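Letters A, B and C mark the chains in the order given here, with residues in each chain numbered from 1 onward.
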Amino acid sequence: MTVSTVIPAAPISTAAPSGKRRIGNRKNSTLATVLLLLGAVYCLFPVLWVLIASTKSSGELFSTFTLAPSTHLFDNIGDLFAYRDGLYWRWMANTALYAGVGAAVSTLVSAMSGFALAKYDFPGKKFVFNVILAGVLVPGVILAIPQYLLLAKIGLTNTYWSVLLPSMISPYGIYLSRIFAAATVPTEVLEAARIDGAGDWRTFGRVVLPMMKSGLVTVFLFQFVAIWNNFMLPYIMLGDDHLYPLTVGLSGLLNQGANQPSMYITVVTGALISIIPLVVLFLSLQRYWRVDLGAGAVKA
Amino acid sequence: MKKTFAGVLAAALLMTGACSSSDDSDSGTTATKPGEKVELTYWTWAPNMDKVVEGWNTAHPDIHVTVNKQDGGDPAVTKLLTAIKAGSGAPDVMQAEYQKVPTLVSANALADISKEAGSLKAKFPESAWNAVTLGGEALYGVPQDSGPMLFYYRTDVFTKLGLEAPKTWDDYAAAARKIHTANKKQYLGTFSANDPGWFAGLSQQAGASWWGINGDTWSVAINDANTQKVATYWGGLVQEGVVDNKPMYTPEWNAALNDGTQVGWLSSVWGPGVLEGNAASTKGKWKAALLPQWDAAAPANGNWGGSATSVTTQSKHKEQAAQFIAWLNTDPAGIKALAGTANVYPASVDSAAALTEPPAFLSNQPDFYTIAAEAAKITKPFTYGPNVNVAYSAYNDAFGKAAASKKSADFPAALTTMQTTTVDDMKNTGFKVAG
Amino acid sequence: MRRGESRAAHSSRKVSAVTALPTETRTPRTATRRGRRAGAPYSFLAPALILFVAFFAAPIGYAAYLSLRRVKVSGLGLGAGARTEVWAGMSNYARSLTDPDFLPSVYRIGAYGLIVVPTMLGLALLMALLLDAGRTRVGTFSRTAIFLPYAVPAVVGSLLWGFLYLPRVSPFTDVVQLFGVEPPDVLTGSWVLWAVANIAVWGGTGFNMIVIYTALRAIPTDLFEAARLDGATDKQIAWRIKIPIVLPSLIMTFVFSLIATLQVFAEPMTLKPLSNTISSTWTPLMKVYRDAFVRNDIYSAAATSVVIAVATFAVSFGFLKLVGNRAFNQED
């Protein structure tokens, strides 16, 4: 490998003109269309089922044909929101808080460490990276109990902090940030900033963060979804159901013990509404869902 | 206006509370620390318990109780045990199912409140009192609710086939055959490998007591002759195919209750609430009866469900907490709220006064609570051990396999697995176990 | 627009080569600058390291400690002081590894992985290639639809599939019965493994598809336009050009899928109450859960956790060594 292989990064705006791929005769393929539609149907079917199920009354859920919609959607939503004085809203707000704050802090932490790991050489770098990477491999179920026992020692269990703090670190986010930093921040720019006399933090804030922006949105989305869908950590940490996120709250409605009926209709309606914010997030930020796991691996 | 009402209520409560012996210590504490407000947290999963507690809070401005609703008996115990292990995070007051009491006592999670609570013994049936004292001098809680088992059946189906509520288990088997023969899709019941509490209740009725204490030694009798009898009986019915083998409390089971393919349910006094929630459209078609009997001449019953209210060892206000749970479970206002608002079947012997109307779902059966009282009266004694959780999870796995295989021989074999797993676990932990 | 993005991603690869350069070839700096910069990477890493130590390293260390401890009770074991924590040596490990339920659960996830990983990645690759070939009008719709299950929590997804599996509430029953066939109960017997695998494939295909698709978009078009002009078919281009180029991405998705497979938990846990076949030790993590939360024996649970963690490391790093992929260690 020689210095000559280094090509300054082309600014995104000067990238190849769009539409180049349409060069050549692009015939529509029936087979491709059919296969893709089959895939879409397979993935949408259970979602369609929730949509239909949530229009049924509790009796109809277990008696009428599964795919026959009914007219009780708004009753069900009303019941869901009336449940214990609107506790569901509280769960929704909690979830947004855990996922929003947790993902934001985690993204910043990841960006800083990803940048340091990609763009600096320092003693212990390899060790630090390998150890953090090993963290990707540890299942949340295994971590949750010792995390609880340790947080209990400082009296933080059953608080917002008990869910927020562990959510602020994401080895996977650091791993991704390192890839993005390596891929989007040219060393020349850093050298230039250095020669201009800018400090490391200033360079990071003014130059690096803007360059990594689109990659960091991806990291944010990842962590947001991970926290939004997390069950085990809040399940263990929280005793007060006013602090619950949606997953724990809904699962509690389902498992009320033998002497209470399971609130299937409420859970189904709650499940439907709980995925709406994520779907909206997906659709509106779809262009950020670009994860080139291979990018960091390729050497010129 | 509101204040006046609260004052009157408080006065009334004080007067009614005066007969309870716990009252002396109660007024003692509050008098020594005037103006100091005590905050208590209460973990419970009974519905509307926050509204029940409002009655207490209004009347006792010095002792404020906050309800933390839990997801059910198992998650609540898991969280409590983790909090005890961690040294902080436990509530002051905790609803604990009777079968969990020995486990919790063994983990040093429940405080002995025999001094604080005074003598409440006369207010509860002996079996419930035993469950919170473990047969000793200490008191690890006050019985809150109980769950005498009852049999629910679809009167329309029974009438059509000329059947009556089965008096004995032989009658039950005969009815199950008749129903399934008449309609291949219909079953009188199902053997649920997911509900160890249900099976324990049926075994209790047959005369089993899975654990026992003799001096400082435990005994385990999960595969005694009585339980073997129950397991063999159900194994036979499952192999014959006249009862279903699918677990209860699944969407499948709900559908079966709704469309009339499950036409009977061996359940408990709280059954009507579950039926109403899961199969509201079948209202008016169900009736309750005593469980079928092994010996019609000597009727017996078992429990499924039921819980105590306990004070945890992490509570800094043991006295006030004991005062609250005594009110909840023995004061007429507390009992009335438990029965009417939280919809549980209070354990107190005075509960009859609060239970005059049948549950709404069984409004066609005005004598429902008379039957329930009879069922509670003939309930057999049963001792739970310190590792009920191990035995119960062994039940899930072993009987899950047996139910899936549909071979009657696998049922008593599953019982042996349960026994071995339970005894091994106790020995491994260091408990002194006989045999 | 998308073209521009892929172009950027492409050029970024070359940039990433910069990081691989030995430090010495960089612009020489003055001594003072070097001194000032020495602490910088550490200060950037500090928050991550503090959080990592607090919420990963310390809990793992604590779990390792707990795995060597046990509770000892005396007599009836009731009341205060009857329970003491003592050293257990390796006895928790011995019990964990000799538990008759442990090995079957390991084999089970082995079989599960053999079903899930190839199916999921095969489907993801196929869908990504179809999308990338651009010969359809339903691309955007399908891409969004296939990605959607990623937004559904595993607990909720499993609940939905549970409804679709149970014969009496499943719409498939009605459909199949139209043809006079009695549908199998997929929550019994050997069907269960497939039922659980299906949920994982459903939930994971979309995400992996996006990863592979991103990599495909980054391939410079000139690499295959020439082949196309020479008359190569889409299929040939896919096999000979596209797949070899996105191989690093495929390897990484493989590794992450493998890890997810070893950790399968939420799906069987949610289906368990619906089925007699799924036991409480159906997968190794379910055994950890049972020991910790049902049996309240966190010591055994900790021992099994350590075993699982070590096995996961061995499998993942072993695989990466095997394929010689250096994604984890760019600066080698």
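Heads up, the rule we're going with is that contacts are C-beta pairs under 8 Å (C-beta built on N, C-alpha and C of every residue); 3 or more make two chains touch, one makes a residue touch a chain.
Keep in mind that this is a model prediction, so the values were computed, not measured.
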Chains in simultaneous contact with chain B and chain C:
A
Farthest chain from chain C, going by the mean of C-alpha atoms per chain?
B
Which chains are joined by the largest number of contacting C-beta pairs?
A-C
What is the distance, in whole Å, between the centres of chain A and chain B, each centre taken as the mean of its C-alpha atoms?
41
What whole-Å value do you get for the distance between chain A and chain C if each is reduced to the mean of its CA atoms?
14
Sequence positions of chain B contacting 2 or more other chains
74, 85, 249, 251, 255, 259
Among the residues of chain C, pick out those that touch two or more other chains and give their numbers.
163, 169, 298
For chain A, give me the residues that contact two or more of the other chains.
61-62, 145, 149, 251
The residues of chain A that touch chain B in their complex are 58-59, 61-63, 84, 145, 148-149, 152-153, 155, 157-158, 235-236, 239-241, 251-252, 255-264
Given the complex with chain B, which residues does chain C contribute to the contact?
71-83, 95, 101, 162-163, 166-169, 188-189, 273-281, 290, 293-296, 298
Partner chain A, residues of chain B touching it in the complex:
43, 45, 47, 68-75, 79, 82-83, 85-89, 91, 147, 195, 197-198, 249, 251, 254-255, 257-259, 268, 270, 273-281, 304-305, 344
Spell out the part of chain A that touches chain C in their complex, as residue ranges.
1, 3, 5-7, 9-10, 12-13, 15-24, 26-29, 32-33, 35-37, 39-47, 49-50, 53, 61-62, 65-67, 109-110, 112-113, 115-122, 125-126, 128-139, 141-143, 145-147, 149-150, 165-166, 168-169, 171, 174, 179, 182-187, 191, 194, 199-201, 204, 225, 228-229, 231, 247, 250-251, 254, 267, 271, 274-275, 278-279, 281-283, 286-287, 289-300
For the complex, which residues does chain B have touching chain C?
74, 78, 81, 85, 102-103, 105-108, 112, 134, 136, 138, 193-194, 213, 216-218, 245-247, 249-252, 255-256, 259, 261, 313, 386-387, 389-390, 392-393, 396-397, 400-401, 403-404, 425, 428-432
